[in-house]
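Each of the next two complexes has subunit A plus one other chain: subunit B in the first, subunit C in the second.
Up next is the complex of A and B:
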């Protein structure tokens, strides 16, 4: 069974998402680790969409779909905002000195590290981002 | 997120509890600015023992705090790292940027 949520690309939408995830985690009896992975990856992806949605000059809608039936968890985010491909972002060179450290790119880095696979397509005016997350255990090697 | 602060022998500890995310920005800033402006606080310790969630917005807040601590001529350490919180900080390489206490 695929769980779906429609929301707007703003901070009110993020609150709606948070309540939805809490309900979903309870209904599917997700482990603490699975819930954490799902929440982190989806929050980072939604925050990115909200950041670039401002360029649209209109309300941007997002649909979140989660398939929790398989061995892995699959999430698909679809939005009608400006084209943005997070998979095209080069992996950040992680800073080893404070002088080199910037917050930019850390969200996408976390999405990559917690996903087994992350793919993006632009189709019929929508960004479609699909991520497959492991159920439990260690994080993927990324 | 709940934030409790203590100041003992020049060490100001901010003990965080709950979710450290974009909603925590104002409370976290208010808490650390009070410590940055306190001349008795020579070191700031952020205690994560009761944090159960953090994301990249929290990482950004920590980097900003680190800059301000350096500018104020003070020290900063992170402590109480465990579980998923420790994992996220390590993925971001923060163990190389911050002094980590047990």
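Up next is the complex of A and C:
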């Protein structure tokens, strides 16, 4: 069974999403780790979409779909905002010294690191981002 | 998101955070946290034991304040991180930039080292 949530691309939607995920995690008896990782990855992806939606100059809608029936957790985010492909972003070179660190740019890095696969297509005016996360255990590290 | 502070000694304070370091939580504590951490040369220990979620915006808050602290020649050390929060910060590479230790005693020992 695929669970769905419709949001408008506004940062207030992050709280709606978090409440929805809490309910979903209880019903599907997700482990604490699965719930945390799913929430982190989706929070980063949603935040990016919400940030880019401002360029549209109109209300942008987002649909979150989670398929938790298989061995892995599959999530699909679809939105009608401006084209934005997070998979096209180059992996950051992580600094090793604090003075070299530039805060920011961690969201897509985290999405990649926690996902077994991350794909993007632009179809019929929508961004469609699909990510597959493993259940429990070590994170795949990208 | 709650934030409180204890003076551990004349040059070291401990900031205790409670809640979720997501967008909402980070915005709630940003000004006070930055004011406590970044405006003097005191060392700061951050008690993370009651923080049960962290997103990249929360990591950015920690990182920017650790940088500001270092610029004031002070040190910032995190302790007591819950396993999943530690995993997220490690995955982001922050463990190589900000010291993270098990508890307050270990954080004080790290400062003394």
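Going forward, the second predicted complex is superposed on the first by the 141 of 142 C-alpha atoms of A that agree within 3 Å, B and C clash if a C-alpha of one lies under 4 Å from a C-alpha of the other, contacts with A are read in each partner's own complex, and residues count from 1 in each chain.
Convention: a contact is a pair of C-beta atoms (placed from the backbone, for glycine too) under 8 Å apart; a residue touches a chain by one contact, two chains touch by 3 or more.
Quantities reported herein were computed from a predicted structural model and do not represent experimental measurements.
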item: Clash-or-fit label for the pair subunit B, subunit C on subunit A; value: clash
item: Touched partner set for A:113, first subunit B, second subunit C, both or neither; value: both
item: Subunit B versus subunit C, judged by how many residues of subunit A each one touches; value: C
item: Contacts of A:36 with subunit B and subunit C, given as first, second, both or neither; value: both
item: First (subunit B), second (subunit C), both or neither touched by A:44; value: both
item: Which of subunit B and subunit C A:54 touches, first, second, both or neither; value: neither
item: Contact residues of subunit A, present in both the subunit B and the subunit C interface; value: 11, 14, 33, 36, 39-40, 43-44, 47, 94-98, 101, 103, 106-107, 109-110, 113, 139
item: Subunit B contact footprint on subunit A (complex, rising order); value: 11, 14, 33, 36, 39-40, 43-44, 47, 94-98, 101-103, 106-107, 109-110, 113, 139, 142
item: Residues of subunit A that touch subunit C when the two form their complex; value: 11, 14-15, 18, 32-33, 36-37, 39-40, 43-44, 47, 94-99, 101, 103-104, 106-107, 109-110, 113-114, 139, 141
item: Subunit A-facing residues of subunit C, complex; value: 22-24, 53-57, 59-60, 63-64, 66-67, 70, 84, 87-88, 91-93, 96-98
item: Subunit A partner contacts - residues on subunit B that touch it in the complex; value: 21-22, 53, 55-57, 59-60, 63-64, 66-67, 70, 84, 87-88, 91-93, 96-97
